[in-house]
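Read through the structures below before going on.
Below are two complexes that have chain A in common, paired first with chain B and then with chain C.
So, the complex of A and B:
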């Protein structure tokens, strides 16, 4: 293996505290090609994929968080990766798919059933009581800060399937995660089930989450509901020009 | 005046031959014919693997100034844009880089209004996804530092060459590397080269290190002005028809201009620009990530700079720890000490950020005395060393010279032997 496991520091589900250190600073190395990272230890890629698969099958409210590099079809690579992504989802009973469509702060508040946002990812984890999640297609910087915040305040097992060098701050991570490796993750899910891991939500399909997915399931055109906080009384009490828009004709 | 012309001294009326080798002058600007010839060279350059360019390619030796070494590094670095604001001794280096633009090795080049403008423009260029370069020194660096300090948080892998020349006042344009201390807490990578060879090697590597997806940080390559920039030294370089791959901005830790995410907009999604609306925890985590990225750069520094530290005579009980031009003086002190039968070792620190903490702890663990010579008043390297190693009463924070003074090796020797050298 390219790297050594020298540090006693372990990257495990939290809550770890107000402000956990970056795992890199604690000496956790990044995996090389063919390797994986599980709880701060270098493993084989296969071991990491199986650890991730087991967590997604056995922990409560497993959720996939696809980022901009998988949900927006802006190049061929993105489209290649999106197809097997759904094959992965289909192998995880009771899974939710909650996107991180971009990295802008969402205000006045996020809809935690519809999106996860790197400014406060813990809100989505807490609201949905998510205990295992996969970040895929998220730019590394935003993935790392999200992973640290989740580790700080939640008991969620985080998995980062990264197109680049991998993530020390995730409990399980595999680098250079291309479409082929997405298929390998699907195969790992099938394998661990065959080896006796019983899915917590066996017999359940993908659980729609958020207004867009639910509307689509009903065959309706998804229309974003008005935020309660900008209606009626709350509009005057809490909102400001960022919500209402600037009146350019005002004196 | 023609070479070899006779010159009459008006005071003594003595006539002597004018030896062109005696003249002190900048290298001449290339002629139009030379530029045309070089343009063909630029067009014929081929992209090679970074490992090949930096490690494996055969090299030839040239006797050139540090500024020329930087020019040769940039020639091979596939730079998209260089933005200059002249300040001594920057002007020499960026002048050299300007020639590269004329020769077709750089796609765009201009002179900005002043340092804040330069550093802001570099941020914009880097954010747009191109490979960007600038250089500065002393007060110019300090003037631009508000912008420079925002580069790491913006995850902008630009390259900044710093030819250290002291920060005013009083005005000085002589060697003194106090400005490196201003860079230490900005969040970017800071390499400190010893000589012309380092200036070439570190400058090429800087682009590749900073652009690694897990790093995505700006890299400052500092050298001690005049000793390195204006003096000549032997530099081994690969052929000039080789160059680095272009910047691959779609494989970095953040999106470039956020055009790929609907709705399209010119600026990148950046909660740092909207700090009222992000959680404090996100800002904290963001800062942690910048310094974590520094740490990840160590792997590439080790690979392309041949180790983050260099150790000479590793078992010696007296170890000198130095960076920059102080390393060269220390090498000579180690040699002189050996002549006196003294066992003295040397640790060359190549990277100040990330600081080689564990490497230094291990390399000094056996040492009874650790001498830290520096070219500045504040002793920033000694402070780094003292705050890193255990039993730091072993550290002798000096000798130090500043304000443009040179450092005679006798000063280091006197610290080694503990008395005046006569």
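So, the complex of A and C:
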């Protein structure tokens, strides 16, 4: 590991402000195989997994954000991670699973309880008051954007379990994260609990998030709840123009 | 880019948002949907941030219905109103820089053909008149000269609607717009004529007044592009904001414009005609055999 930890810069939970510097520009290196990254410092893989496990067990509203490379079973590598992923979830009391199924910008309105989107991940973090999260199965270029935006505007501790080189902008990251390493993360959660870390939400299981997930996990048919109607003057504020068209001669 | 990409890994189905569950269970991927079924299944695009009553959105919705295999398609677009809706679709979308959509599509199509030798992959450029006839003009023309095998669809709203109403090459002569107060001084560009001259295999001009016709035209263009060469569709998709068309009158305007000057027009090259007649005959034969 030598001099790789020479930079004094620390990648700690934000909010860092509108444009946080990219950790790589601040001299934070990427971990090699067998190593991990904790708050900008190269550590052993085990230390990084334990730091991630401690954050997920002790911070408020821990959430797993599975990305397309684990959600969609389009090849053996994605399918084989699914089972250990849920084993990890079962070891984190009070965890939520909020998926990032793809990278489409979701307009006109995101449902922050049901989904996280790389174009505005802060909305999901803010709405659910998430203070620790894991990104897994997210393509690196979108994970980079997401991690920077989360650090910019929230106080969330980010953990990037990356199938490639790892992420400097996460508070904890481990590279080459295959199914075997997902199992190791589960083991790290068990170990830190054995070592005396008391989970914040002990005795709680996975907490369903979003109306569709809640219904599905109860075995019910999901029916979208009615949204609160806008009343008073706000209703129809623009309806005149929409119905009649814009007045080209208006000053 | 296959049906496998919309099968969730074990255990994940129940955690997906409802929109994705619907796409898996009742979407357009596993079976071909018809125009008459619109509204009864989960479409590739539903929510979008386009203006109320936008004809372009209706056309884009029909394009998704017309694509012969959604799971093997990639759409390339660029800045403009259209991409606000196209990026919401459940089909991979690539954002080309303004002007280079057809360069991106050329490289993409060639790459896909090398990577997937046995499965036809469709590349469709869908952008506005500014992106294709003005700023992207050179790239469009050269992709046609090179006989690149993909479809170019122009969402022709005859204005730069997204930036406040500047005239484009496709604006009608004499048209006064917010940012063209003296009126346009030149004729509307003859992109169909240019396409024909450049050796495009199939061209069509269309309005979104007849959904079935739009869907069939899209399907035809994409299938011909797969086998023969470049295809081009020019679709009238009015901008009700910049042209001050009252929302309920958008389709009336489309019908009027279609009647006056934008009527349905299609052109096949000889090779495209031969291919299309043969494939239609084969399809009819197969359907008859299925009935028997």
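Simple rule for what comes next: the second predicted complex is superposed on the first by the 218 of 251 C-alpha atoms of A that agree within 3 Å, B and C clash if a C-alpha of one lies under 4 Å from a C-alpha of the other, contacts with A are read in each partner's own complex, and residues count from 1 in each chain.
Just so we're on the same page, a contact is a pair of C-beta atoms (placed from the backbone, for glycine too) under 8 Å apart; a residue touches a chain by one contact, two chains touch by 3 or more.
All values reported here derive from a predicted model rather than from experimental measurement.
Student: With the two complexes superposed on chain A, say which partner A:179 touches: chain B (first), chain C (second), both, or neither.
Tutor: neither
Student: Considering only the touch criterion stated at the top, classify A:222 as touching first (chain B), second (chain C), both, or neither.
Tutor: In the superposition, A:222 touches chain C alone.
Student: Applying the document's definition of touch, where does A:207 land relative to chain B and chain C: first, second, both, or neither?
Tutor: A:207 contacts neither chain B nor chain C.
Student: Using the touch definition from the top, say if A:120 reaches chain B (first), chain C (second), both or neither.
Tutor: Only chain B; A:120 stays clear of chain C.
Student: Looking at the overlay, does A:152 come into contact with chain B only (first), chain C only (second), both, or neither?
Tutor: After superposing on A, A:152 lies in contact with chain B but is clear of chain C.
Student: Tell me the contact category for A:139 with respect to chain B and chain C: first, second, both or neither.
Tutor: In the superposed model, A:139 contacts chain B only, not chain C.
Student: Quick one: is A:197 in contact with chain B, with chain C, with both, or with neither? Answer first, second, both or neither.
Tutor: neither
Student: Could you tell me if A:70 is touching chain B, chain C, both of them or neither one (first, second, both, neither)?
Tutor: The second partner, chain C, only.
Student: Is A:104 touching anything from chain B or chain C once the two structures are fitted on A? First, second, both or neither.
Tutor: Both partners, chain B and chain C.
Student: Identify the overlap between the chain B-contacting and the chain C-contacting residues of chain A.
Tutor: Touching chain B in the first complex and chain C in the second, residues 72, 74, 101, 104-105, 107 of chain A appear in both lists.
Student: Mind listing the chain A positions that touch chain C in their complex?
Tutor: For chain A paired with chain C, touching residues are 66, 70-75, 78-79, 81-83, 85-86, 97, 99, 101, 104-108, 111, 114-115, 210-213, 216-217, 222, 224, 242-248.
Student: Once bound in the complex, which stretches of chain C touch chain A?
Tutor: 2, 4-18, 20-21, 47-49, 52-53, 84, 87-90, 93, 178, 240-241, 244-249
Student: Over in the complex, which chain A residues touch chain B? Could you list them?
Tutor: 19, 21-25, 30, 68, 72, 74, 101-105, 107, 118-120, 122, 139-142, 144-145, 148-149, 152-153, 163-166, 168
Student: List the residues on chain B that touch chain A in their complex, please.
Tutor: 155, 212-214, 216, 251-255, 258, 260-262, 269-271, 274, 277-279, 281-282, 284-286, 288-289, 291-293, 295-296, 299
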